[in-house]
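Here come two complexes built around chain A, the first alongside chain B, the second alongside chain C.
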Partner chain A sequence: MIKEYAHIAIVALILLTLPLWLNFTTATDILVFGLYAMAFNVALGFAGILSFGHAAFFGVGAYAAGLALRYFGASVWTAIFWAVLCASLVALLMGALCVKKRGVYFALLIAAFAQMFYFLALSPLRFITGGEDGLKGIEVLKLKFPVHADLGHPAALFGFIFCILIVCILVMHRFVHSPLGSLMKGLEENEPRLRACGYNTNAVKIWAFAVSGLFSGVAGALYTVNLGYVPLDSLYWLNSGTPLVMTLLGGMHTFFGPLLGAGIFIFFQDNVSVYTARWEFFVGALVVILILIFPGGILGTVKEKIAQADEGDRQGIWFWLKKLS
Partner chain B sequence: MACSWPCAGVPSVVNSESKMFHIPPNILLMQAIIGLALGAVFVLLASGLSMIYGLMDVVNFAHGVFFMLGAYAVYQFNLTLGNFWVGVALAVLAVALLGALTEISLLRPLYKTGNLLYPLLLTFGLALALPDVVKMFYGLMPMPVNYPEGLQGSLLVGPLIVPKYRLFVIVLTFSVMFSLWLFLKKSNLGMILRATTTDKGMVDAMGINVNRVVTLGFSIGIALAALGGAVAAPMVSVEPNMGVNIVLQCFVVTVVGGLGSLGGAVVSGVIIGEVVAFTSLFAGGYADVVIYFVMAVILLVRPRGLFGELSRE
Partner chain C sequence: MAQKIILETKDLEKDFGGLRAVRKVSFALRHGEIRSIIGPNGAGKTTFFNLLSGRLQPSAGSIFYQGRNIAGLPQHKICRLGVAKSHQITSIFPKLTVFENVRLSAQMRVTRNNFWSRSQSLRQVNERALEILNEVGMLAKKDIMAGNLPHGDQRYLDIAIAMATEPQILLLDEPTAGMTPAETVEMVLFVQKLAKTLTIALIEHDMGVVMHISHYITVLHNGAILAEGAPEEIHCNQEVQRVYLGGH
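Let's turn to the complex of A and B:
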């Protein structure tokens, strides 16, 4: 267990150094989307549940936080609380409704439900959500507890989001390594067998999905805090593909893979888009290449290489990485 | 995101106070025809998607992109050759060929992994990348495709107004679907295709090259999508993201009809087309979302769709 926490500490340290070689904006974006991708991976990589509707949880979290901040003058913590509450409720409901459908039907049904939220924000609830323009008018936030900080300052914002991310990582880690987490893994590996062992696989699915939605909601809230407004696009179903691509990039079956994937994706987005508006082409091409050659993603392939490294290859880098990790 | 669809043929005659009975029947009929034309495009798309899923167990996320390519191809051929009909035929052939190449080079290597997630994700990657390729060549502005001569305007049958082009789309789609049905039911190759959707291993054991059958089936599915795009081109705005907007709706139609069932795709396409058309007449803003309600209701009540097969793991 100590090894695992050491890993988390190393990752935390690396994240802390991000603003040194990237600017604060990019670094903070990476933190937010890293959380989103990791939340998504709780469902996909650890429980085997594919969903194209995570934009609903992210977006609901973002709007919940935004509404709380804009209309109720809430503190940041309250906003996050409401985001967590709403996003997990939505995930619980959607999961419970759709749980009996298999694989791709589930994913598409969730996407369709997610699109309903998009539409709700676009049209009928336009007077509170701002419709196509998104939710604006959120004022620069001040943090009162546990320290005083002006979140308008990029470094403070980064620090705040970093702390929340680390807390979420610790909780997610605990969850994934809990008995329920093991059940999730069983779900991913061999569902009929899990059922044959007497477990209620539907309940496991719903829980996994709800947890995934919960952390996506936190990511959404942090997105709002980071951006200062809520774009309507955060609810659009195709943007559920963003955490998917990040997870694929970094490694679907690894814990930190999505975080790495998010880093690379955001880096790409911010730097390639300087040269061309066609950066989505590169992302799409990257997905295609990854699936064909490295379906395990970066971390997945690295882990594979490490696992395969044996005593005979004492000079190899993989062998020494194995000794270290 | 107003109803970007070809159901805005009729200026909304409904204000908040008028009721259904105040709408003259010829307007209702015209909207029904518009709905049927919309349904026809859905049918083309959904049947293609259904066929691909039946053959490969893969939900083709790139389906919308091939729809878009069909529309752009018809724009290009129309521009360079000046003839709409030749343009449509060439567009379908060209995009179908592209589909075949895609399947052979990108999807086939993934079959041996046995993991159904990877081909799906690959098509998702294509759906991200290809619109940008189109943007590189054609930019972001919508491209105009004119109605062909002879099909502009409407027929006046007594008091009824029937838009000519929509009628053409309906007739074309049902002819194509009928031919497809004939092909699948009565021809040898059609029988092989059907057998492959049911039991790929057995077809392989019979000595038939299953890879080629799958490529053929995939190309037919893509050809249908391209045809949908080609005929929809004059009715909608031809722009790079038109595929993205349509693909989820297309999924809904397919899933409601039942993944893998062609008959289901036809019935479901028609129903949903009409639902969208009439919703946009009575409650314009909700036209885009009513589809999702329909899908939610149908899937919750009948999980495999209207005509879907029972268990497909």
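Let's turn to the complex of A and C:
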């Protein structure tokens, strides 16, 4: 247990050093999408639920926060509260409606639902969402509680988002190690067996999905806070694929893998796009290469190597990593 | 045996499209007995078990468990009432440890949607899981990944998972399938030990096992009950001889 918290502390320290060797914009983006990917992985890696529609939760969170800030003069905290509420309700509802479908059918049904939100924001609700232009006109945010800070300042913004991310990590960690979290593992492994053990597996599925949506919503809210506006793309289907790629890159059967995947993805996206507008091509090629080298994701493969490390091989790097962890 | 009836079916039927897999089965299981269900392949034995455990919904008829009609209830509710099943094709959580397999199942009686405690810290559940692993003789293997266990051990683990739900009735679907003769003997002793506290119904193909272990035997043929009786009666029954025991 202490070991697990030590892992979280190490990850937090590494994240804190990000602005030292990247710029604040990239570092903050990594935190936001890291949270998004980790939230996505609560469903995929821990409960075995594949979804192609998480953009709905991320985007609904982003718009809920944006609308609260833009039209109701809400504080940052109130905006995040609305994002959490709306995103988790949407996830709960979509999960409950689609839960009877399995695997890819579930994923596609969710994707179809998610596209509805995209079109809602694009056209019928254009008068409040700003349609294609996205939601603009959010004033520079100031944090009043618990400390006064001007979120227009990159360092303050990074610090604020960092703190929220750490809280979310602690809560998600607690959740996946709870009795309900154990059931999610069972769900992924052998759903019929879990049902035969007296559990309502559909309910477990819906809860896992809702929690995943909730934290995706927090990520969406942080996205709004970070950018100062809400681009329509936050709801677009491509944004459902982003956390999937990040998760596979980092390792879907690890807790922190998606965070690492998000870091690598955002780092290359931000740096390659400086040189070419077709950054997707290069980042895509890189992702393919990395996944071929690390079939279980980077962290997943490293974890496997450490687990298999030979006790006698005192020269091997994996052995020492095993000792360390 | 004059014990009271714990499980009873009345005119139970199951259709798969045009195929009637179970037809008008009226069957009564007495408290504390070991009942064998036998019959040729395709007789509807496993389907019948799946109806009892709620994995399949009956097309017609009723199932009374402790006087209550449970036909049509979802499987997880029937399990919570006390009917558990081990599987013909071993069904475990292969990538979890042996201990976690049983712990996950034992958790059901204590908490079902606790999302905040740490699973590992539920003392009552941990103790129960260890107790059951001890009972099936797998305590030493508790930290092995379940999927890495040999076949025989996986069969025991499947039963251990079912036991962890604290059932009144345990349905065993071919517990000795794929086992060596020595392992089979062990399994027979194990089932007899279990029967001291549980009511057991089992599907079995090994006639040696069936004749030795059963208090009572039900023979299914083409989805219907062909004969019922004590082992000696079934052994001598001409009809059963014809369709199943010897004559083909």
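Please note the rule applied: the second predicted complex is superposed on the first by the 317 of 325 C-alpha atoms of A that agree within 3 Å, B and C clash if a C-alpha of one lies under 4 Å from a C-alpha of the other, contacts with A are read in each partner's own complex, and residues count from 1 in each chain.
Throughout what follows, contacts are C-beta pairs under 8 Å (C-beta built on N, C-alpha and C of every residue); 3 or more make two chains touch, one makes a residue touch a chain.
Keep in mind it's a predicted model, so treat the numbers as computed, not measured.
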item: Partner chain in contact with A:186 - chain B first, chain C second, else both or neither; value: second
item: Partner chain(s) touched by A:196 [first = chain B, second = chain C, both, neither]; value: second
item: Touching partner for A:108 - first (chain B), second (chain C), both, neither; value: first
item: Touch count on chain A, higher of chain B and chain C; value: B
item: Chain B versus chain C as contact partner of A:73, first or second or both or neither; value: neither
item: Partner chain in contact with A:146 - chain B first, chain C second, else both or neither; value: neither
item: Chain A residues within the chain B interface of the complex; value: 50, 97, 100-105, 108-109, 111-113, 115-116, 119, 122-124, 132, 237-238, 241, 244-245, 248, 277-278, 280-288, 291-292, 295
item: Footprint of chain A on chain B - complex, ascending; value: 1, 59, 106, 109-110, 113, 115-118, 120-122, 124-133, 135-136, 244, 248, 251-252, 255, 259, 285-286, 288-289, 291-293, 295-296, 299-300, 303, 312-313
item: Chain A residues within the chain C interface of the complex; value: 1, 174-175, 177-183, 185-186, 189-190, 192-201, 203, 207, 211
item: Interface residues, chain C side, partner chain A - complex; value: 53, 55, 74-77, 79-80, 84-85, 87, 91-96, 100, 103-105, 107-108, 111-120, 122, 161-162, 164-165
